[in-house]
Amino acid sequence: MRPNDRAVDQIRPIKITRNYTAYAEGSVLVEFGNTKVLCNATVEENVPRWLKGQKKGWITAEYGMLPRATHKRTRREAASGKQGGRTMEIQRLIARSLRAVVDRAVMGEIMITVDCDVIQADGGTRTAAITGASVAMADAFSQLISAGKLKKNPMKGHVAAVSVGILGDEVLCDLEYVEDSNADTDMNVVMTEDGKMIEVQGTAEGQPFSHDELLRLLASAQKGIADIVQAQKDALTD
Amino acid sequence: MRPNDRAVDQIRPIKITRNYTAYAEGSVLVEFGNTKVLCNATVEENVPRWLKGQKKGWITAEYGMLPRATHKRTRREAASGKQGGRTMEIQRLIARSLRAVVDRAVMGEIMITVDCDVIQADGGTRTAAITGASVAMADAFSQLISAGKLKKNPMKGHVAAVSVGILGDEVLCDLEYVEDSNADTDMNVVMTEDGKMIEVQGTAEGQPFSHDELLRLLASAQKGIADIVQAQKDALTD
Amino acid sequence: MRPNDRAVDQIRPIKITRNYTAYAEGSVLVEFGNTKVLCNATVEENVPRWLKGQKKGWITAEYGMLPRATHKRTRREAASGKQGGRTMEIQRLIARSLRAVVDRAVMGEIMITVDCDVIQADGGTRTAAITGASVAMADAFSQLISAGKLKKNPMKGHVAAVSVGILGDEVLCDLEYVEDSNADTDMNVVMTEDGKMIEVQGTAEGQPFSHDELLRLLASAQKGIADIVQAQKDALTD
Amino acid sequence: MRPNDRAVDQIRPIKITRNYTAYAEGSVLVEFGNTKVLCNATVEENVPRWLKGQKKGWITAEYGMLPRATHKRTRREAASGKQGGRTMEIQRLIARSLRAVVDRAVMGEIMITVDCDVIQADGGTRTAAITGASVAMADAFSQLISAGKLKKNPMKGHVAAVSVGILGDEVLCDLEYVEDSNADTDMNVVMTEDGKMIEVQGTAEGQPFSHDELLRLLASAQKGIADIVQAQKDALTD
Amino acid sequence: MRPNDRAVDQIRPIKITRNYTAYAEGSVLVEFGNTKVLCNATVEENVPRWLKGQKKGWITAEYGMLPRATHKRTRREAASGKQGGRTMEIQRLIARSLRAVVDRAVMGEIMITVDCDVIQADGGTRTAAITGASVAMADAFSQLISAGKLKKNPMKGHVAAVSVGILGDEVLCDLEYVEDSNADTDMNVVMTEDGKMIEVQGTAEGQPFSHDELLRLLASAQKGIADIVQAQKDALTD
Amino acid sequence: MRPNDRAVDQIRPIKITRNYTAYAEGSVLVEFGNTKVLCNATVEENVPRWLKGQKKGWITAEYGMLPRATHKRTRREAASGKQGGRTMEIQRLIARSLRAVVDRAVMGEIMITVDCDVIQADGGTRTAAITGASVAMADAFSQLISAGKLKKNPMKGHVAAVSVGILGDEVLCDLEYVEDSNADTDMNVVMTEDGKMIEVQGTAEGQPFSHDELLRLLASAQKGIADIVQAQKDALTD
């Protein structure tokens, strides 16, 4: 039995609040149950030096976690003087996921940085971050279009993500912390809104997993992501 | 004329939301107008090494700003690999202010760390942080008392803070960003709930200030802090 | 047509040289075509502090690349003062992969660190590193058994890895650099010797990939890994 | 009774030695009793990038302490790899104080860096540093005028500083180390030569302080600073 | 009696393998007995900023040691976040030695970086590195000449190095680790191929050494270096 | 003709001021002409962890340069976040030199740290530092003996150092900056008071040097050091 009587293939209640802060060109608080991530998209009208002159845009992401987003306090990365391996891994994943749904030639020489900061962590922060960042980026592009700085929307569609895992014999969708820390296998799946895959990262925490288990994980992820994409669309039409 | 028709000695609307996040022993979102700071107090049942065996507690603070809390994006300190001078100055100020209202012998060998993270910045982030941190710390102490880990409340009273400044000929209370960046003199005042001073930090940004101006600044701060302390008390009796 | 007339599902010639250096408890130079990685396993008879007293071992890995392992010189990480995100991501992957085939309770309080240093890079350095590290770790365990420090081999079997990708319409196995940099999708697969999955990391570099493409990638990886495991076994029986 | 029978409102003997080292454009050893700070002003004929083209100068400061300036050896900041919060706080204070007495438009695009290095510390290093830096900066400007690079002196007057504090019931001026470490309240005051305030930083170390105590502290500081300004003037007319 | 019955003035077997890796403009694995250092020379067609416009080239070097090049594992410098003092000292020595045999005006605005990475360490890594780096640099210059980018060879001759030491009463040439760690005096000598000195660094580890001992050390080094230069010449004529 | 009509083998006027600062167990300002280095010896009654229990002492050194000790301002190492290669090389040299004249078993488990900070640099700062550090260390030992913490003096004699060089055809002793920057060969020699060698570090800056030139350099150094040792002895008998 999952917490709150969730069905095995049921995602947590999702809440997407746009314009959460006042200054960012796109600002989204995304909640997957108790996991809360603030995704702020910043537009800059230039690109990194190595890209200059190529008439293409760039999208990057940074990820952070407030020290007390977690049950026990985590040391502040700014105080320890470097970002840990997990942080780097996650922010690279978010950025790749966002770039996969954007036509960078349509962007022109514009850069978008999406800061994903975890306010409260209860499992699935990276997948929530990707989901929220997609909406924040969409808002940033809309604003560029309204301002006449872009003629056409460079986004080819939404990108959304979910974590799935195997606990005992069950495939569970959208793991929360207590589930995640007990799962034998944990997989993060990032998909486009039409169900194609952008990233699949499956890890055996305990037992290796079989080909059949992989297929069940993917099926569960696909269903969950369909629900998440719907939540993104609903948020953008509010 | 101040934004939103504020009177010169009028503070912005203050909102103090307790239990803002789920895990911290004290979690407060404090808002001074558009300035929003999340203050999370963490309790640990040991003290820094240099204090061990002295039967006294310790209180420390860390301060951070989300990259897009500001109008233009600020570089993430974790990414640049160190905390800047301004950050260090502020977190030292917050910690001193909190320690000034606590009887550390009553605490015993317990340490409280208050993380103050700015979600949105519109001037006065450090004074809002002190104000919110005081409430978060009070909640943390209450929880320790409820849990039977403390017999007596170590807090001697609230601590609150406000920024005041001189703009043209006027002394303004609780400066917001547009005022702060144009002020000739800027002063941060930290007081106990009964109006005694803990910190006074006045800086001439443009013209030096006179003894008389200092007195007017202090008077304005004192009035503002009385209102802020009332907001703290209201929040704690909710 | 692939370089050197390789078939699409054919791995590069693999060479595994044991005892490559003199001091490490396991020292393996692994070559996948022109990719050459030196994997040195170090045994220490204690464990990290957070694991002490739990009667379990630990396995960790570090990854580095000599500055001129690449076509153009890469900046030395020791000189720039930190390990990059890619390095951290890879060394975390290697370590997880190794731990997945070890019964850490059988190890007792022993730690193995495997240093994987790329001498020459031509694609697939992380998968070659996992493959070589598995052999180096096996040698380290053998030495512990010979020395009477372990009664039983904690390794449950070999772990091996390969990269696969989609280039145009073809699924290619064991990508070399020119292929990798043009692939639309790139997937690293880590498996046990009996073909169960430990890690699956697929990334759409250009177009998102379909469920069917994922299956074709996995099938190709499975075949390649069977050949690689054979090379591991041959090396260990020399 | 104060050490050396000082009166409560009496500053320590001040000694200002100009041209202390050979190369700096202004080089001053300032001594407040046993506190000795070397203040070297360096002139560079360009400004930081963010100021270029604005026809204004810039003044910055750096502060350091020799490891054995203190009773017990302090760790060298260059060896620990970063400047501590106290150092940053002090060097920001020195720089702001100096800028407050300079007309930066008169300077033109010139930058002055004043290095304040504590040779021996016996309380009041930051206030001694400001006092000495003012003289070093004056010498640097004189040299620029002599060399025909400035037509007019950009300095509007001297800036000087003193620490004052409350120990028991007494307000003491120019605290030395043993006094400072026992004081209930400690205040650093920076003033122009005509007694206007540039910085006021009062901190309750033990008990909060009252409005009346603040006034007594300021009065004591004002008297002390008048004596210090006289010492600056004497030094510059030698 | 030395290990392997070496005579006191006999160097270890030297092996110089050119084109050891595929991409570097010069790539040499140099072996002095069990000491193995990979020396990769990289050519870049520009110079550091401070040298631009002077029509002179630059040569620099970096030195590293694989963590398990040593008997006990050494911490990876990239992981600890800085290069140690020993590393810096050695790479400065290598670079100075190489520059001493090059006419930088003949080079033109070209920069050569030689990376010396120790694969296995058994004493004398810095002197082996200089010896191998000289050959790698020679290969890089040959390639520049073949490519028509240089008309004339900027190298004035080979540079080679050896360590000598006093153990008991004997002067030993080309110390291996067990000898080096017991020597009273240790001297690194860098010479041109015609026996003139570029660097002499003698250190008394235990007893100070006399003028006479210095002369004996130099004589031993001179003989050893003659043999090493011959090995360099042989390698280049293969 | 040398500056100030110095003879080729004549050292600059040396001045050694003991008890220069108040707190260090040995505090010496050493001046070689315009080169001024403050050497402060700190005694701690414990040793680094790796030496504990061996009943031997330890001596270490740190070296720094005030930013404006030089003609042009040098960046503060504490601000740039690391000590440069030159600094590390020098402080390792100073420490080795001091240890060479001390019987560490006589010291017992005591550690001496000598901080050598350059107030003004005009060539030869490292050799002046060694010379001054020797006197500071002698004072620290005397104080330990007076306090009854040591029964016997662990110092076997003085250690002193000088730089010598070849400029044109002349061998010059104790180079000042203008000479040093033009010299073809530069050699730092560290000797015991009875003329035995501790360190010899000769570097060809331009032309390689011959065996004969080396002998002339050593002879010049020997004469200079004899004069320097006399200055040390004079200082200690004042």
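Order of writing sets the labels: A, B, C, D, E and F. Residues in every chain begin at 1.
Following the convention adopted for this analysis, contacts are C-beta pairs under 8 Å (C-beta built on N, C-alpha and C of every residue); 3 or more make two chains touch, one makes a residue touch a chain.
The chain lineup, named per UniProt: A, B, C, D, E, F = Ribonuclease PH.
Bear in mind the structure is a predicted one, so any value in this text is a computation, not a measurement.
Minimum number of contact steps separating subunit D from subunit E: 2.
Chains making contact with subunit B as well as with subunit C: A.
When chain centres are defined as mean Cα coordinates, A lies farthest from subunit F. Measuring from the averaged C-alpha position of subunit A to that of subunit F gives a distance of 59 Å. Subunit A and subunit D have Cα centroids separated by 51 Å. Centre to centre, using the average C-alpha position, subunit D and subunit F are separated by 33 Å. The residues of subunit A that reach two or more other chains are 81-82, listed in rising order.
Touching chains close into a ring; read starting at subunit B and passing to subunit D, it gives B, D, F, E, C, A. Against subunit B, the residues of subunit A that register as touching in their complex are 21-24, 27, 34, 36, 38, 40, 42, 44, 62, 64, 66-71, 73, 76-79, 81-83, 87, 113, 115, 117, 119-120.
Put simply, subunit B touches subunit D in their complex at residues 82, 84-86, 88-89, 91-92, 96, 100, 187, 191-192, 196-204, 207-211, 214, 218.
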